[in-house]
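Below is one structure; the comments refer to it alone.
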Amino acid sequence: MRHSPGILVLVLVIGFLEFAVDAGMIRRALLPPPSATAEVLWELLSTGEFLPPLLSTLKLVFAGFFLGSAIGVALGTAMGISPAMFRLFEPLVELIRPIPKSALVPPLMLFLGIDDAMKITSVTLVVTFPVLLNTLQGVRGVDRVMLDAARTHGWGLGHTLRHMILPAALPFILAGMRVSLGLAMVLAVLSEMLAGQGGLGFLILDMQRSFQLRQMYAWLVILAVLGLLLNSIFLLAERRALFWQRR
Amino acid sequence: MAFLGLDALGKFYPQPGGAAPARIMQGISLEVPEGEFLAVLGPSGCGKSTLLQMVAGLATPSEGEARINGRAVAGPPPEAVYLFQQYNRSLLPWRNCRDNVAFATEHRLGRKPARAAADEHLASVGLAGFGDHYPWQLSGGMQQRVAIARALAAEPALLLMDEPFSAVDALTRIQLQSLILDIWARRRLTVMLVTHDVEEAIFLADRIAVLTPRPSTIGEVIEVGLPRPRDAIATREAPRFLELRHHLLNRLLARDAA
Amino acid sequence: MTQATRRAALMGLGASTLATPALNAQALTKMRVSVIPVLDVAPLHAAIAQGYFAAEGIEIDTSTTAGGATGLPGLIAGQFRAVFSNGVSTMLGVREGQEFKFISGASRATQGPPDILAVLVRKDSGIRSGKDLEGKRIASNTRNNIVWLRGMAWVEKTGGDWRKVNTVEIPFPQMADALIGGRVDAVISSEPFVAAALETGQIERIGWPMSETQPGCTNAHYVGMGPDLARNGEIFDRWARALHKGVDWVNERLGQPALLELISNFSRVPMERMRNVALPAYAKNVTAAEIDELVGTMQRYGLTGRYPASVSLIHKTAQ
Amino acid sequence: MRPSSGLWLVLALMALWEVSARLHWVDSPNWPPLSTVVVALFHDIASGELPPLIGGTLWRMGAGLAAGSIAGVVVGLAFCLAPVTRLLLGPAVELLRPIPVPAIIPPLVLFLGLDDPMKITVVALTAFFPVLTNTMQGVAAVEAEAVQMGRTFGVGPLRRAAFIVLPATAPYALAGVRVALGLSLVVAVVAEMIAGEAGIGHYLVMMQFAGRAPEMYATIILLAVLGYALNRGFVAMERRAIHWWFALGRQADG
């Protein structure tokens, strides 16, 4: 594989950490030996104990991601093709956009409670804006010549949208969605840390609070692999969707 | 001994899965004496640019070698400068015209002398007073003049040109061709030009090497034999010009059909 | 505010340095202490404000952490010399091999109501006891901490099975909203959030999880690191002397405006609310018995494991 | 700019907030009327309490953003120009990338404590990845002709990297920094909420613990305004720094 030297480096680093902890160069209180973490990890994986928290986090990420992407694309397209819609929503978008979404969690808790509704909403919020802005940019960037061509062919708005504007804006939309996927994970983990009773975010924080560092690192590894997987899947899907864009 | 020598140059790319390597060209041999204007003419896709890049040290030949002044080309040789087809990609958009021209020499001369010389070179291509303009503020033809000025700034003995005028309009192309001939005569440069434009090759060159389609090799070398200085209109109407044009087009189109 | 009082204390010390240059040749010992902006840390702020630390040659630098268990990792990492921490978090660390030692008491439950923890429900809910909470949702700020532990003890004391009560985590400030909005059926809250919740008029208090289950039980302490204590015992002697003077200062002013003002100043809780807030019992020492009781309770409610003998965890400054 | 329909929408929503709190449509100590929030905001700015906190937050954000961005550009250039570095370190970077920042804070606290080093590192880590991704995208988009041009004039590899690749990559890297800017502010505040006596995050925690809802919302408004202003300022800076890019009519976000 292309990455084999890098994986070797990774193995070397882990091996060094193992040695360093063993030799007392790093305090066990800060970092348990990687082998001990691996043991816990194996136990979590082999007993299937990892699955419910993973699914709980995944549910938040997916629900928020798809909801937020849908809202972002819809609103972004509307603002891109209709100046009236743009004028209506632009100030609101500009005002809400820079607010740290994590700071919105308390009011969200007030209106939506502490369960999935609140968590999915905060993930949705954070996903919406990058998708919206990129969609807007993509839709506005559609070549005038193409739009004129559509007009001369007598295409209606729906047809033009489906077969011209959205495909042309797709690279931008997908780029926005890729950014949002990472943010969705952040917010899902954060909202799990702030309230409720499950998910990877909660477990990582809970293990840290109770000084069960091997468990904490094991869950962290699970989270990292989940992120890596989601990102790779998305990249793969993006490449297929944009087959015509390959150089 | 010839100033520029090509010795059985060949290029092929290995194919995946143990298939026979894809041959782009093979057995290209040529001798170019100092001060000659040589045109390499060929249909598109025959590897003209690759050939030029091997001479410029930007690509490595798979077999054979190119020699300049008797030394085999390993990296970009100091005697040669390469003029790109896409001037808008080789000019640096964050530098104004003066600094773009200065880029050719500032690493050797230092920033100040390089900039001072740059203004002169801009003037010599008819762009006096445009030093503070950015390339993207100029027309295509003017941008290519900036690229030419930059090439001249390096004071090359050998100018390698890769379809340098294919991206500008027809009238501008004629003007730039005259400019190049003028510079060539004044500076006693050796020039190697690759082009698919038959008239351009005849109008500019002393000799024309015609490439065959893939795997390319040299099909024939023709002495142009038109008197110099050449005139943008009269030369194009000379019987010898038309005769060559007929011959070359016949050859290229017939091969295209085959 | 703390900044200002600290500076004032320093200036006072500066003046005394000028007066007796030979005596105070060495610089102040700087100590960073992790605190939470809650009522329990009043003695520390009192000792800073009254200049007790400065008089012992110590400059205290407080660092506020949002949760009780965040300070302890900072202690391990060498960021703090002393950390205000709830007993459960400390003992969980001890269980995992951390070299935490109690260097001073901080707060205990009072002998009877009112105390600083409360079980709150909606007025119209009809819930009166732990029995009523079975199958319902109760909120704690964190699971597996002292608030949760005492809450579970209360559930059991009032006839409920703690295993049948679902605990969810909600930050203290959001508890009243969650209760009124019907997201949870009960919350285990702490002062001053209890007073704030009661101000809404829609919430009532049905229990005192600490003083009703174990009057005078242990709550929070100051914790240091074993190796640091072994090397720098003398500094901690001075530190504890000053802190304990602060405890005396606070205990002498229980129920007086001066204390409420002090707390309002460092915690930013509005003065009007402070008048309705219940205070803990401020402690100087830590007893093996109270830690044994805590460990026993922890074992009972699922925080099982091997804990070292309580006596070995109590530094001499807390005895 | 002239008032648009959108401004009216914003004003209407603000009015709805005010009325819903005043008339107790939303009845909660955590839903104060907008006017009291604005009063609290101006009070704490005028009293001199907020300005130094804002300064501290901006400093931490700036330091982390600068460190993370520089690292992102350097690593991005190294990965592209010296592929062996990517071969060696690529997998480690890829494994770190998807870990959400909040999850990385607990172990970081163990190693770096709770002070500025930890906070700035968290911000830097956040800023690193968008800048890295964009830088690599930018290097990939550098015209091959421009680099070859440098070679034909005998310009050495380091000089080519500094004078051709780096400027050509700048628009992409800066677009990455712009994304990182917004994230940095959020993360700086989140990190301040964990521990310490400094910054807007600390103020937010204090006000949460004190049950002072107007001050809490004032912080949110403050952050919105700060984020907006920072973004505006950055865009203005960007327009000057890479004016040629905008003159070419390109956009780097795609």
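Annotations
In order of appearance the chains are A, B, C and D, and numbering begins at 1 in each one.
Just so it is clear, a contact is a pair of C-beta atoms (placed from the backbone, for glycine too) under 8 Å apart; a residue touches a chain by one contact, two chains touch by 3 or more.
The structure presented is a predicted model; accordingly, all values stated were derived computationally and were not measured.
Chains that touch both chain C and chain D: A.
Chain centres computed from CA atoms place B at the largest separation from chain D. Across all inter-chain contacts, the pair with the most C-beta pairs is A-D. Central chain (C-alpha centroid nearest the global protein C-alpha centroid): D. Separating the CA-averaged centres of chain A and chain D is a span of 17 Å. Chain centres here are Cα means. That of chain B falls 48 Å from that of chain D. Centre to centre, using the average C-alpha position, chain A and chain B are separated by 50 Å.
Here the spacing of chain A and chain C, counted between their Cα centres, is 37 Å.
Of all residues in chain A, those touching 2 or more other chains are 29-30, 106, 110, 208, 213, listed in ascending order. For chain B, the set of residues that touch two or more other chains is empty.
In chain C, 73, 76-77, 171, 173-174, 177, 181 are the positions where the chain touches two or more neighbouring chains simultaneously. Applying the touch criterion to all chain pairs gives A-C, A-D, B-D, C-D. Interface residues of chain C, counted against chain D in their complex, comprise 2-3, 34, 36-38, 62-66, 70-71, 73-74, 76-80, 171-174, 176-177, 180-181, 192-193, 196, 199-200, 202, 267-270, 273. Looking at the complex, you find that chain D touches chain C at residues 27-30, 106, 109-115, 193-197, 202, 205-212, 216. Within the complex, the chain D residues that touch chain A are 4-7, 9-10, 13, 26, 28, 30-31, 86-92, 94-104, 106-107, 109-111, 129-130, 179, 182, 185-186, 189-190, 204, 208, 216-217, 219-220, 223-228, 230-231, 251, 253-254.
On chain A, the positions that touch chain D within their shared complex are 2-3, 5-7, 9-10, 13, 29-31, 84, 87-92, 94-104, 106-107, 110-111, 133-134, 137-138, 141, 171-172, 175, 179, 182, 185-186, 188-190, 193, 200-201, 204-205, 208, 213, 216-217, 220, 223-224, 226-228, 230-231. Only residues 28-30, 106, 109-110, 113-115, 194-197, 202, 206, 208-213 of chain A touch chain C when the two sit together in their complex.
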